[in-house]
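Note that the chains are named A, B, C and D in the order they appear, and that numbering of residues resets to 1 at the start of each chain.
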Amino acid sequence: MPLLTEAAKGVYVIAVTPFLENGDVDWTSVDRMVDFYEEKGVTGLTILGQLGEAPKLTSEESKEIARRVIARAKVPVVVGVTAPGLAPMRELADSVMEMGAAGVMVAPPWTTKTDDQAYGFYASVGDALGKTPWVLQDYPLTTNVTIAPKVIDRIIKDVPTCVMLKHEDWPGLSKITALRASSEKGETRRISILCGNGGLFLPEEMARGADGAMTGFCYPEMMVGVVENYAKGDIDRAHDIFDAYLPLARYEQQQGIGLASRKYVLAKRGVISSGALRKPGASLSKLDIIDVERLLARQAKRLAEIGA
Amino acid sequence: MPLLTEAAKGVYVIAVTPFLENGDVDWTSVDRMVDFYEEKGVTGLTILGQLGEAPKLTSEESKEIARRVIARAKVPVVVGVTAPGLAPMRELADSVMEMGAAGVMVAPPWTTKTDDQAYGFYASVGDALGKTPWVLQDYPLTTNVTIAPKVIDRIIKDVPTCVMLKHEDWPGLSKITALRASSEKGETRRISILCGNGGLFLPEEMARGADGAMTGFCYPEMMVGVVENYAKGDIDRAHDIFDAYLPLARYEQQQGIGLASRKYVLAKRGVISSGALRKPGASLSKLDIIDVERLLARQAKRLAEIGA
Amino acid sequence: MPLLTEAAKGVYVIAVTPFLENGDVDWTSVDRMVDFYEEKGVTGLTILGQLGEAPKLTSEESKEIARRVIARAKVPVVVGVTAPGLAPMRELADSVMEMGAAGVMVAPPWTTKTDDQAYGFYASVGDALGKTPWVLQDYPLTTNVTIAPKVIDRIIKDVPTCVMLKHEDWPGLSKITALRASSEKGETRRISILCGNGGLFLPEEMARGADGAMTGFCYPEMMVGVVENYAKGDIDRAHDIFDAYLPLARYEQQQGIGLASRKYVLAKRGVISSGALRKPGASLSKLDIIDVERLLARQAKRLAEIGA
Amino acid sequence: MPLLTEAAKGVYVIAVTPFLENGDVDWTSVDRMVDFYEEKGVTGLTILGQLGEAPKLTSEESKEIARRVIARAKVPVVVGVTAPGLAPMRELADSVMEMGAAGVMVAPPWTTKTDDQAYGFYASVGDALGKTPWVLQDYPLTTNVTIAPKVIDRIIKDVPTCVMLKHEDWPGLSKITALRASSEKGETRRISILCGNGGLFLPEEMARGADGAMTGFCYPEMMVGVVENYAKGDIDRAHDIFDAYLPLARYEQQQGIGLASRKYVLAKRGVISSGALRKPGASLSKLDIIDVERLLARQAKRLAEIGA
């Protein structure tokens, strides 16, 4: 499989991990999910992330899921390998690259405080990972680590294997602007920037120079539609599509319950057999389901109105 | 002015504090703002909150703003009096109640960890405030303090002057459900629940039994429209109005820049003379303004389509 | 090997993980370290904890270290199995129990906020671990989770396999007092309480009813001396020993550099071949080494003065 | 009163705020406390800090305490003026400087994340405070803000009114080393560095180039003794004195209960009438008092042995 490069664009969807009601990995749904995402037009897959419930998997399961997804997918696969130490990070990265992954993704440890600590961490990640291309996951809402644009610029300059930023700062629009200004002035390489945060700011992020999305909203059609229309300059159409999906995307942004909502919809769409999260994990109440169903009905109506 | 009670309903808008470009309080805009909010149909005003830039005011300014707003307003005024100690909290509370405030609002200190600590804090607040009715501000995103529904129930039982919850947990829908279940079973008083978080979950919160909103989105028409239509059972209309404003409300939910966006729109609407935040505070870049203007234009179009 | 029970007493030393300068696990030093700790009179060993650099190990290395230590040790071995999900936790726990571990230790996830969440987490841990006896690791300085004594009492009541508290709250003396009051009144089982925090409050903790220490100060002689003298009622002798080691124990309490100091001394004492931490990890500067050497010289002099 | 300069040395003791049992400020004890600290040889006083219970005072009380202390003290007085906004900070700073304070002290807001944010905050503090000399309070354990040495160097270069660092990072010895290296190479001004953290690392901090202590341990004799002996090169004597007080200093380092212990001892020494903290605040249990009394007895014995 080709390796991830700075030229990556489009939608690298954050894949869920399907489980059976008893908590076992649901391998049949893994396959169906890969096919579903590809049918909806995604450019790549990102697996073993936080919202893929990766921390709840045993190390054997993690590798087995990576193997299965990589074997089936026609699009490039990025694998989350964040770990508290470089040794287990490298071990997982080496394994999945050998399986054919396109690259790996690394979030900083929550103990990172100063600019130099953030830079130092990612410099050592670059060393540890060798030639493997990797994604810098900037995820302050969970890691509580804020990485200034100038620090990202330093990393881009010094570590050639850093080819992508998963942008997830909030608010983060000015961060994209700052990074693009650096590369436009020729001060740094222009790397790929794909945006997270459930896609809640995707149109504005595209306007600032993002190359696409890396997030897992249960309708990848939204991200694909926004990114494609922005790419061809039809900004109003991009916003129309975005607005139609926004009420549900917002609902999915709730911590814990949001992932349960995402999996509920994916199960309803026939992608995965069960919407169950592995323990410990949230589940939807009857009232939550009423909320989601109302949002789905209204969304379908609105999509019909705009012809999407 | 009548005191705040458990029966409070509607929209208690979180008022901004208007400043001149030089950082002085803009007294003329204070008056105009009070009139504006009342014209748009709010039920009450909440001043000196976090998004009212209260921590940046001197103690004299805080009192002067309270005096000015209370004197002009025809609707009840709730005043934020959160402080690290009971003495300064009581001093401000006593001052504003004497001026005619309807009640005060108190958030917990960030050092609160366990259930008993949260209960103990609010029990001592009740003692310190005497007969003054007060609002429990549950604001985990900023205070990092999570208060379980059963703890709120204990406070409601033991502290009769606690008459309202400013609900701002995220996700928090199940919290409203739990609190309403307690009062419906007759286990606790039914207190007023008004919701924050920029109104981003207002329709769903109303469905769970909230009595309205306490938040500061720059179009109070949104909150008033959602709450009124929910109250009269026109749920689809409530959602239609909500959805039309949601793209902008979402933009306003960004930390720092969100308040700058709110004040920019209020200035554009002629409510306040300047959108400036007092230092230290964010300001909008040219690109941010382009974002907001696009959202305003699309919002106007959508409101026209739905006849709102 | 006998299983861990509520009757455990003494010193369960937190073992370091020895590495070679190149970052590989130093198996020869692992063996020598086990022997050293036993010669110094410890009652048990605790491995794969935070200060054993467990998060930097691959899952294979973790198991191999457990196997090696358990095979060699004559005293009971407790194994840290904290993980973000129940599945990987159970997998490691089952493996090490099969190897002959005496029990396992579990810290709460940092997302734990309310009393019920803490209780719920440990109830599910009890379910997941089956018959394996386990230690509740109460470690707020790192996890940022504070567990009230009444919550620990609930866990003790409902989960019979919880046999020990690793007490590491700071300040935490009143917590020991509260827990012992519960068991003395017959309200709960009396479980074992061993104390952490580098032993910095060990004499006072023994006075409140602790059963010993679970910490890794580079002179286990300190913990053994304090615990034994307290146990036989010679409180002044316990304090004399404690005070002689306190300046160095305090130095070891620094984050990051503290573990480097601990390993430096263990290397100097001939226990491990190298004081190196695995990456990412701190190392001592020349000035740090001067500090440690001065503290060692003064400590030796003071120990001689008190005849210890 | 002369203004604070980069040449400040010695012990600027963090003063407690004495309260009567009913919570009122105890003005008689305020006077006696000033005299006591001066008799014990301190070089300066620091008031209205976190451990002076400043956040629990009304703004009037804060000013009244500043007025009283400044009027009575023969040594320079530094006043804590940390506030969430520049306006209230400047207002208090201007007031106390007019009363005759030597300078003010400012901690960063907890929202500070990146190097540039920390720099930007202190640059704006310098602007806001005009000619008033000020102390940069680096207090990560409470503010959760870590300021890298290079950021402090930038502030020192650009803001001439920054004349002192209250050093309270933990571990922070390498920070002192880095800052002194910068000024020795002539890259920055050499400012005064006084150390906090209850004095727990004072001898090592002096060895790295600190100018003294700014902390509030109930025996200022300890800080004075360590600093004076270090200054004249009698390092062993400095450590002897330090070690004799360390067991009690360590006990005082507990959050909450530590301040209660400090005030208990000051009351016992006849400095303040009551050891009470203002609400909300901790108080000592009977068992805590037994601990403190034992430590005091052992400390007296050890001081006699070393002839101090």
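Definition applied: contacts are C-beta pairs under 8 Å (C-beta built on N, C-alpha and C of every residue); 3 or more make two chains touch, one makes a residue touch a chain.
Quick caveat: nothing in here was measured; it's all calculated off a predicted structure.
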item	value
Touching subunit C and also subunit D, the following chains	A, B
Chain pair with more C-beta contacts, A-D versus A-B	A-B
Rounded Å distance, subunit A centre to subunit C centre (Cα mean)	38
Whole-Å gap between the CA centroids of subunit A and subunit B	33
Distance between the centres, which are taken as Cα means, of subunit D and subunit A, whole angstrom	46
Residues of subunit C engaged with two or more neighbouring chains	none
Subunit C to subunit B touching residues, read off their complex	113-116, 140, 146-148, 150-151
Partner subunit A, residues of subunit C touching it in the complex	23, 53, 55-59, 61, 83-88, 91, 110, 120-121, 124, 128, 278-280
Residue numbers on subunit D that touch subunit C, as the complex places them	170-171, 173-174, 177, 200-201, 204, 207-208, 236, 239, 242-243, 246-247, 250-251, 254-258, 285, 287-288, 290-291, 294, 298, 302
